[in-house]
């Protein structure tokens, strides 16, 4: 046992001496949370608006003013020639152009009809749909104002209640995802590279011919990363509660339990990868391609799993992060109790058990 | 003619003085042995002479160029074989030679002849297309030596070139060294195998960053009334206060 | 001299068991999978229906909602707490609650309401889902207006709003994502590999043998840069091919424009990787620094979310992401057919990055220690 602690001390020393890695290890979660929490939003705001207005009358001016007053649009420029429209889009100068016909208000009063054209850059479809909806609503509200006296019959008013995240904050969705990603990064990726390094340098053989049991050698390599990930877990939770105002509404105890299971699982994956490869670069590339990409893409962290094709949904079942993130969402944000995460607990638990056994087996066989 | 001239060469890392004001000359065509225990400062001194690190103070002239101001000219005229085996393991034998021949500016049409000549000297033609990583250590070291002299430098620096191989391989390696000196290449070699010290024309013995003795092996043995260089070394090394690294 | 160094880099890359496969296969796989996964198109929203009215109108409304294609009914409940339970268990995303007096109120009062409760843990999905649902309900009320409202008076002044989606008239989400993902792959490969390269030589000790030769710093850096430049072209061409074969996407503009801008991008990004490699002491360190920057650069590049919507400080940071400029250019050329003169700003910015990072890489490569 005494030897074990000597080894762990050595490993800690290795990690802490590498000041830059240490700093990044500790601030990466902070940066990611800040970016995701504040900067990354799928809301559509501040779109640059172009206007082609040959009429320049009271109606067109009011509509432009209404659009401008909105946080969705920023009036960028008036376009003098409709032939320039294509060029404006190609330069990426504007996201939406509103085109009025000549004598807009005059015709409106005469015929009761006025045509308005909304041209959007459809490159980003969601953006384009949202923009035209916004603009249509704004124009329609002006229309209603003009027709104050008219009654619009038959209305079904939808009353919308937003559950769990009434302010539609992106952070609610991202915090569990970032936890899943960072823990996987540190536990699996860092561990696999650290062990591969010893193999590459030949120092692993030295350790293995020493009287230490191979299991102890491996455990001592893994313990420091375990500690670092615990620190990261704490940082993420504190930041999300106090800075991003994402509460932990459910059971903190079970939140920690499931995180620990996930951490063990990731560590086992790291050991498994490192026992299969001989060089750091390959360890890194494999854990990047096999572990990180799926966490980013298939776990539901950024993209909803339900919108994926069936095959990918099936595949996502094999991504541990998916279950972890689901459980965290339930515990943290929905405030449910442990009964609701039995399924995730069982799946992650068996995955962890499986990979720990497999990784120790391969490790023994390989060395 | 002096190929290496060092005068009060000093290197400090923070408060630690790795090399403490050493001075010596190495003549053309000489095999100069640089002896010392681990941590005595041999490698640091050698790295200064090769222009790999800057001296804290003192002067050094190697192959006619100032190591402080003209380190790139120094590099063009020396060969170097580091203690850590440092040629490309994922290249073939001839590819390593070709790479360094090219870097040292040997004209393209002459490179192939040069490679064949070197491999022949080593009796290594059959392994021309072998990946370096599959060679045994002794052969790797010989190849690293060929890489270091591929451009016929004025002087070649060898940092513990025979570490970790059996005495037979070591002797073969020294035959290569003698061959190089026959062609006029000066050899500067560090080692801690004292039997190798006997092969040198002159040796210096470093203890705790300073040169404690410098002469031909025979004169040193006489001076210290010792049977072998090993004994000379042990008499001097007793003074050391540093522990090996 | 440069020739021999470049020759060596290529031999090392080709001889690696893993790298050539990765350079070819990885972008292909990512491009095949990602556009399907990276999909913000909201489909298959799971709906829990709580119909207290059980009337002709409520059934018609439900029918209309379900036949819209966005929703599928996964739960039908009699009371709100059951419906909520199904949301908690992730069986449904949205509850549509129709009040008991729904039909009566429409006919008598001409106004009624329905309740929508959306799970907004994923804000995008919840928000868009409830917006779609309200849209359908609005259409439904228009329908009954037209059908039964004989007395309904048309508004006096009517606006006809014509919308036009340029450049992507069918609003295909893959058209938007594929060009950007091409850039991401280019960035990952031409960023990570150089970042690992020099530090790998450091760990193997081979850099020492280089440092003692008279090789010039800029030659050394150039010999590292050029192979990744070539690899960048290979990756780019592969992704062109996939975009064409799988997504039926060819650039509206000229390929030459893309090649020109992308080649400068690869130089700048590989230069950045080399800078990291120069400073890193171990591969682990290099990888971690690169990972940190890659993820930051990707997130603020506008790849997934519009830059315009970011807060000011994030928009400011996004200017330092080289990815941003190539993503803008790639999307513009592919979808809008922009030409180089229209993309001068991103092009010049990338030239700036290329000069800056590569100068830095030459300076920070230390042939001589202290």
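Order of writing sets the labels: A, B and C. Residues in every chain begin at 1.
To be clear about the criterion, a residue touches a chain if its C-beta (ideal position, glycine included) is under 8 Å from a C-beta of that chain, and two chains touch if they have at least 3 such contacts.
The shown structure was predicted, so the numbers you read here are calculated from the model rather than taken from an experiment.
Asker: Using the touch definition from the top, list the chains contacting both chain A and chain C.
Answerer: Where chain A and chain C might share a partner, there is none at all.
Asker: Where centres are the averaged C-alpha coordinates, which chain has the largest centre distance to chain C?
Answerer: Following the centroid criterion, the farthest chain would be B.
Asker: Just how far, in Å, is the C-alpha centre of chain C from the one of chain A?
Answerer: 11
Asker: Chain A to chain B: how many Å between their CA centres?
Answerer: So the centroids are 56 Å from each other.
Asker: Please list all residues of chain A that touch 2 or more other chains.
Answerer: In chain A, no residue touches two or more other chains.
Asker: For the complex, which residues does chain C have touching chain A?
Answerer: By the definition above, chain C touches chain A via 17-18, 22, 26, 30, 33-34, 36-46, 61, 84, 87-90, 93, 106, 110-128, 130-131, 133-134, 137-138, 140-141, 144-145, 148-149, 151-169, 171-173, 175-176, 192, 196, 200, 203, 279-285, 287-289, 291-292, 295-296, 299-300, 304-306, 308-311, 313-314, 317, 328, 331-332, 335-339, 342-343.
Asker: Hey, which residues of chain C end up touching chain B in the complex?
Answerer: Residue list for chain C touching chain B: 1, 3-5, 7-8, 11-12, 15-16, 204-216, 367-370.
Asker: Inside the complex, what are the residues of chain B that reach chain C?
Answerer: Its residues touching chain C are 47, 50-54, 71-73, 75-76, 78, 80, 82, 84-91, 95, 98-105, 131, 147.
Asker: Under the definition above, what is the set of chain A residues touching chain C in their complex?
Answerer: Listed in rising order, the residues are 18, 20-21, 24-25, 28, 31-32, 35-36, 38-48, 86-87, 89-92, 95, 108-109, 112-129, 132-133, 136, 139-140, 142-143, 146-147, 149-166, 168-170, 172-173, 185, 189-190, 193-194, 197, 200-201, 280-282, 284-285, 288-289, 293, 297-298, 302-304, 306-309, 312, 326, 329-330, 333-334, 336, 340.
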